[in-house]
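Letters A, B, C and D mark the chains in the order given here, with residues in each chain numbered from 1 onward.
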Amino acid sequence: MPPVHSVFETELQVRPDDIDMNQHVHSSRYIDYVLAARYDQMARCYKMPMDEFLKLGYGWVIRVSHIEFKRPLLLGERFLIRTSIEEIYKDGVKVSFHIVKKETGKLICDGYFHYTMVALENGRAAEIPEWIVEKYSI
Amino acid sequence: MPPVHSVFETELQVRPDDIDMNQHVHSSRYIDYVLAARYDQMARCYKMPMDEFLKLGYGWVIRVSHIEFKRPLLLGERFLIRTSIEEIYKDGVKVSFHIVKKETGKLICDGYFHYTMVALENGRAAEIPEWIVEKYSI
Amino acid sequence: MPPVHSVFETELQVRPDDIDMNQHVHSSRYIDYVLAARYDQMARCYKMPMDEFLKLGYGWVIRVSHIEFKRPLLLGERFLIRTSIEEIYKDGVKVSFHIVKKETGKLICDGYFHYTMVALENGRAAEIPEWIVEKYSI
Amino acid sequence: MPPVHSVFETELQVRPDDIDMNQHVHSSRYIDYVLAARYDQMARCYKMPMDEFLKLGYGWVIRVSHIEFKRPLLLGERFLIRTSIEEIYKDGVKVSFHIVKKETGKLICDGYFHYTMVALENGRAAEIPEWIVEKYSI
């Protein structure tokens, strides 16, 4: 039976510069929103912020991004980004996400990202130490 | 036997504002690069630019984006975005893409997008008229 | 004696996609931050959101932007954008702003924007109706 | 009599992600366009690219940006960014710029930037060595 990981939530608001010619949030900004949520949750929820990885000589890179768009976000709207670790690999994690409107709970988009941990000195995939796996297994 | 569609190519160069804190192109910008290539190719290769769709009361929205990142692009590098229609549905298309470095031909990332054609008046999926299907079947 | 206008304040937080290759907020994003603050304050403080202008057939365009950069904002930092109308012209306003770090109150940048109100139908400068001048004279 | 410095030119094209909700180039992107032109011209025209500054332990930061907007750029339009060093200070330069439409030569915006050279080790303003002043005095 696979471990069940926590779902964490970050609230953000659409900025005017996120809006594109179609009067709704530009599609590429959803990648930025999930990134912002992960940074927030790494520090606040997993108690191991990106800074700490960098000090240890590690970084994270995206290997795969997959997004399914359901409905658009509009100017000024507040939304919740919920993310959850689906799997932890030897050198990376699969993170699934849902973005919903705060007011109605309606689904904006969902999908997943594969992140790989790399050693900053050579940019190569690095094995995630056991103590970090534990921190991220909540 | 499925029809074999043409592969079209657009050349772009990395701008300084595309670079993020990791000193390479920010991941969400690849969505913007593919979008730029499609705009260029709609006009130049398919002879039916976005403007013409808008005049007819149609727009295009992204339903799915899937990107696999292989290696990063760096400041000032020139690159080629190759896209190809993989499938044409009743109300949309699946477009696959490859981004390669111009100098070395090395693969930066690849993936696909599902686009749906919508009627601008109500935002709902619209059936692609046969004469447009033909234009995009080259 | 010129009228003294209120100073309004909006709080925001730096997103990871705002950070550039120099590890601090990319210079052009400060224009976006001031824009975001004005949108917020138009609705919340002046009780006349951008939407209402659009419904009346008016829009706002930037004529001049002037920014003096003092020190950088860093990833995740919270900051306050304080703006104030300095002058109201026949067809526009001069808005001055200060951005300060929330934690220390230290000045990040300051400057001003000239905005012109335009009629959306032709894009030309339009005279600001007296009742709108009054709303913005608080 | 002050020295007369060369005017250098870089050509770019508007990308779809540069367009905002008003259907023209988002105001903050003009800062990015001038930045892109300076990177190009530092390498191509002054024969001293940013890389070389970084290797010497120097960086450049913006102290002041001033932009006067005349008319908008639209999706896909090609434009020329002309920049010229107006003054060289002990620790910085004032660069003036004009952006014009390629097809018509019409002025889009103009203005200036004050850049300060900093030592990367402490972020403080650094005196520009005489041999660099000479390179930038063409």
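In this text, a contact is a pair of C-beta atoms (placed from the backbone, for glycine too) under 8 Å apart; a residue touches a chain by one contact, two chains touch by 3 or more.
Small disclaimer: the values here were computed from a predicted structure and weren't measured.
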Original post:
Which chain has its C-alpha centre farthest away from the C-alpha centre of subunit A?
Top reply: D
**OP:** Weigh B-C against A-B on C-beta contact pairs and write down the one with more.
**Re:** A-B
Original post:
Whole-Å distance, subunit B centre to subunit C centre, using C-alpha means?
Top reply: 34
**OP:** Could you grab the centroid distance between subunit B and subunit D? Build each centroid from C-alpha atoms only and quote it in angstrom.
**Re:** 30
Subject >> Length of the line joining the C-alpha centres of subunit A and subunit B, rounded to whole Å >> reply: 24
Subject >> Touching two or more other chains - residue numbers and ranges from subunit A >> reply: 16-17, 28-29, 32, 35, 75
Original post:
In their complex, what parts of subunit C are in touch with subunit A?
Top reply: 12, 15-17, 29, 32, 35-36, 39-40, 43, 75-76
Original post:
Across the complex, what residues on subunit D touch subunit C?
Top reply: 22, 27-29, 31-32, 35, 59, 61-69
Original post:
Which residues of subunit B touch subunit C in the complex?
Top reply: 16-17, 19-21, 23, 26, 28, 75
